[in-house]
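Two complexes are shown next, each including chain A; its partner changes from chain B in the first to chain C in the second.
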Partner chain A sequence: MSVQPARRLDGEPDNRPHGSPGEPHAGPGGPTGPGGEPARGPRHPKTPPRLPAVVMALLRKELLVELRTLESVPGMALFSLSTFVVFHFALNRSSVEGDLAAGILLVTLLFAGMLGINRLFVADEEQGGFDALLLAPVDRSAMLIAKAAAMTIYLVVLEIVAVPAFGLLLLGSSLGNALPDLIGVLALVDVGLAVIGTFVAALAVKTRARDLIGPLIALPLLVPIAIGASRACAPLLSSGPHTGSGVRWLLLIGLYDLVFGLIAYAVFDFLLED
Partner chain B sequence: MSTGSRQPAGSTEIRRGADQSPRQTQPRGALYGGSLRTLSIASVVMVGLALGMAFFYAPEEATEGFLQRIFYLHVPLAIVCLSGFVAAGAMAIMHLRTREARWDLRSYVAIHMSLIFGVGVLICGSIWAKGSWGHWWVWSEPTLVSFLIVILLYATYQPLRFSIEDPERQARYASVFAITAGAFVPLNFIAVRLSTAYLHPRVLGTGKLPGPMALTFVISLIAFALLYVTLWRFEMTAKHARWQLKALRRRLSGEDAPARRRSAEPELGAGLGTGAPGVPGAGVGPGADPAPGLRPEPALTTNNLGRQAP
Partner chain C sequence: MPRVPPALKLDRVVRRYGEREALAGVSLELAQGQTLGVLGSNGAGKTTLLRLLATLLSPHAGGVEVLGASLPSQAWAVRGRIGLLAHEPLLYRELTARENLTFHARLHGVGPRRVEEVLEAVGMTMRAAEPVRTLSRGMVQRVAVARAVLHDPELLLLDEPRANLDPAAAELVEPLIGAESGRTRVIVSHDPRGGVAEADLVLGLRGGRTALLAPAEQVRQEDVMELYR
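Coming up: the complex of A and B.
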């Protein structure tokens, strides 16, 4: 617990060109330099930091926090493994293929992602990350981009664990042939899940029942991605020869990712106004 | 309409014009426009006409027979409902641009009405599906499924509002939701339609609707759109009236009626309308000294209702 304020301190001042973590104590109070004036110069740059720099700083903060606390990713991975076991018993099958395999994989990843989404903004809400971002002279959309990028990375790590486990535990056909195409589909799914999840998480985190509201809003919004991904994955995970071209479905997911990315980018600022 | 820029109760203007009678200060816009009666009559006439035409004028469809006439109810309802969702998104954009509470209220009422229409669409769609395909619910039917997804999404609108305490943030978040969901409506229809075989009767797409049927359809589309607008205006009026009643009650019960509220409803005019109607003695707390206690009586005649712009 005592690590957390320190973590914020070394995350946030990275936005500034000369962020020296020691200095903010001397901030508005008294003169900091010999004349009082010169010391203010570097800490109040005339041009605010550019968006990529801010996004990288925030992303670095996210990953650092996750590495230090291990709050989301291990939980998501463990959840996906338990879900496979539950599916095995619920369906009473030792191996699945085709439609069923795609559905199980997708549902598991979606729900595991939901766990991560629920945690995504909690630390910022509880420990002042939002306030810090609002105080900094930076574009607020940086937070959306950084969080979505962090969420994408979490999901990729989750899949590195979950997909081989799925191939080992449940999948009837071999994973090897399907893997290159599967990676493409899952990459698009990850981006969509991360963008929509970040947006919904930001919407839900200030509500009283955030663990309930988040998934309630996110699941209907994710239905088009689930449709496209399960249709695209089904032929990949069947034992027969890969016949159907999944390009149509990949296009659908990609387009949906793009449109929702733009919508989220357009309205995200309004979620961070106070 | 005219209530967007109210001042909080108990401002210094309370005593201005203390001799005016309550009748004079009754705002003209209190019932939200005088066209409500005309609109109601028009929509009743149009809905009656549409139903009459659907039952007696439109020709019997060859394969589906009498059951096909539910088309004149189901499809216009669905179109009006989805248009209502999209319109609510546009109103939410207006709310975020202007920050006026009335746009939030309009968006809220539009989503509310569309949800009610949407439940009607699902019910009569199910009846039609049972009649023509033999099942109450058909998963291979894209329009039905996408409609269900849209309704499920919008069903979270009220819980979302309800779980945000701060009225300003509630309005803002609800608008963000309404914009996103409004954009989701067409996207979702495209996605679901891609995913399934075309089974839904695509009467409109084929373009070979015979004349009387097309006429009936257009008439009933207009009728249900009119019905939607009328119901929307009625709910807006009811909200305004209730809000004014609350403001009056608040005046009666004193200035410091408890401001706690836990409601999904948008609030017009920050700081007003927060009086709890069920707490008559709320203002007579231990802190209420005699001098402010005298104020509500003249204030009732001159409260901020009188300062509304017509």
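Coming up: the complex of A and C.
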């Protein structure tokens, strides 16, 4: 079979200069082959794929690989469930609430998130995903966005399992009334954890001790999020009437997410460079 | 007639790993459409040279020009114009051949029809829905060839391109990566005879240094064998 010229992603015929072995083509700039005969001309896409398309391609790949391997999310969920069981027996009390409940929930989610963060770039490092991205005419920040989005999805799935389990195993009061506000707080935590985690995972994956380096760098960076989220969650997890406003803590987490998101976006390219 | 820039131009290129020089002062020029055969024993610097030309590594000294773009400062200008077939197939083991190629196609702005074309060209249409981890090494190599040429690159960087391929498969991929593809090629080979036969220009490396650089027709077999002693 003869191999036809490439078509563009949108299905339109590719109007790049091209040729088959029998149709040598000299493109703009006129490259010529040995002996002066025309060689194949430049065929690179005139319009490289746009950022959203690349992000979607990377995200789709990420989720497909996770669905096939189940390397991250099940481990994260099982870790959080086991931790709640350990707390249930170690605290030797029938239930927790307020600050203690918020602390247990948030710290467990952060540590469970670490498991996912440690695995985030492993397939890319071991199977050439970094090289594939570096060889493509795309904005490397797409990988940061796609990985952070994938990590956010993993965390949401984790919380769908972990939060009800936490309510059953440890929480004294019902989660029902607090749930809408709690979802808001956890959404901000997820974004922060995903962005910082992706950034740190990209830093750590090239090192030999990546499983150690990742948490060692990420946990101190996540302290402000842990503080803000615990303060915002504590009133929600109390048995009494909710007192005080968690809005300022939510603003703090939101601001921290934003600042770290911008820093990560600005320097991510350099992390992937040689 | 305006002067045509060479496809590759290396000027005293140095690349180190720690204290060790993997490439030490390599210089050469390769015209558009020609084939450079790179020979040398293990650790001679062949793979480093290939990764450097692919923009995956930066030189520590000297100048590198690929397709008229100076590296690493203008690497963005040649990304998407290079096809790399390395030791690693750059394929996700858990994804199918088709999913892998579709992923790479999206990174290069290439449509799905092209994916089917290259799958057919390497004879993998029937196995395209199977995860790469279940394929034989030869089949993985065929999918890797399809990935390398998916975006119709001007420059092919090939590291042992026919490794794991049986004669029939090697013949199958010939129009894509062989001389008849019309592309500028750099071929790393451990086959001294075949490596020279396929090349227009032969570069022999020993310990990261140029031990041999000559047009293929001037290269004697004993010069090549000397590289491996």
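The criterion applied here is as follows: the second predicted complex is superposed on the first by the 230 of 274 C-alpha atoms of A that agree within 3 Å, B and C clash if a C-alpha of one lies under 4 Å from a C-alpha of the other, contacts with A are read in each partner's own complex, and residues count from 1 in each chain.
Everything below uses one rule, namely that contacts are C-beta pairs under 8 Å (C-beta built on N, C-alpha and C of every residue); 3 or more make two chains touch, one makes a residue touch a chain.
The model shown is predicted, which means the values in this text are computed figures rather than measured ones.
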item: Touched partner set for A:Thr207, first chain B, second chain C, both or neither; value: first
item: Chain A: partner with more touched residues, chain B or chain C; value: C
item: Partner chain(s) touched by A:Leu216 [first = chain B, second = chain C, both, neither]; value: first
item: First, second, both or neither for A:Lys147, with chain B first and chain C second; value: neither
item: Touching partner for A:Arg119 - first (chain B), second (chain C), both, neither; value: neither
item: Which superposed partner A:Leu135 touches (first chain B, second chain C, both, neither); value: second
item: Touched partner set for A:Gln127, first chain B, second chain C, both or neither; value: second
item: Touched partner set for A:Arg68, first chain B, second chain C, both or neither; value: second
item: Contacts of A:Pro49 with chain B and chain C, given as first, second, both or neither; value: second
item: Contacts on chain A seen with chain B and repeated with chain C across the two complexes; value: 273-274
item: Interfacial residue positions of chain B with respect to chain A in the complex; value: 96, 149-150, 152-153, 156, 159-160, 163-165, 168-169, 172-173, 175-177, 179-180, 183-184, 187-188, 191-192, 194-195
item: For the chain A and chain B complex, residues of the former touching the latter; value: 199, 203-204, 206-210, 212-213, 216-217, 219-221, 223-224, 227-228, 231, 248, 252, 256, 259-260, 263-264, 267, 270-271, 273-274
item: Of chain A, residues touching chain C in the complex; value: 1-12, 14, 16, 18-19, 21, 24, 29-34, 37, 39-45, 47-49, 53-54, 56-57, 60-61, 64-65, 68-69, 123, 127-129, 131-138, 273-274
item: Residues on chain C engaged by chain A in the complex (per definition of touch); value: 2, 4-5, 7, 31-34, 54-58, 67-68, 72, 76, 78-82, 84, 86, 88-95, 99, 103-111, 113-114, 117-118, 120-121, 131, 149-154, 175-176, 180-184, 200
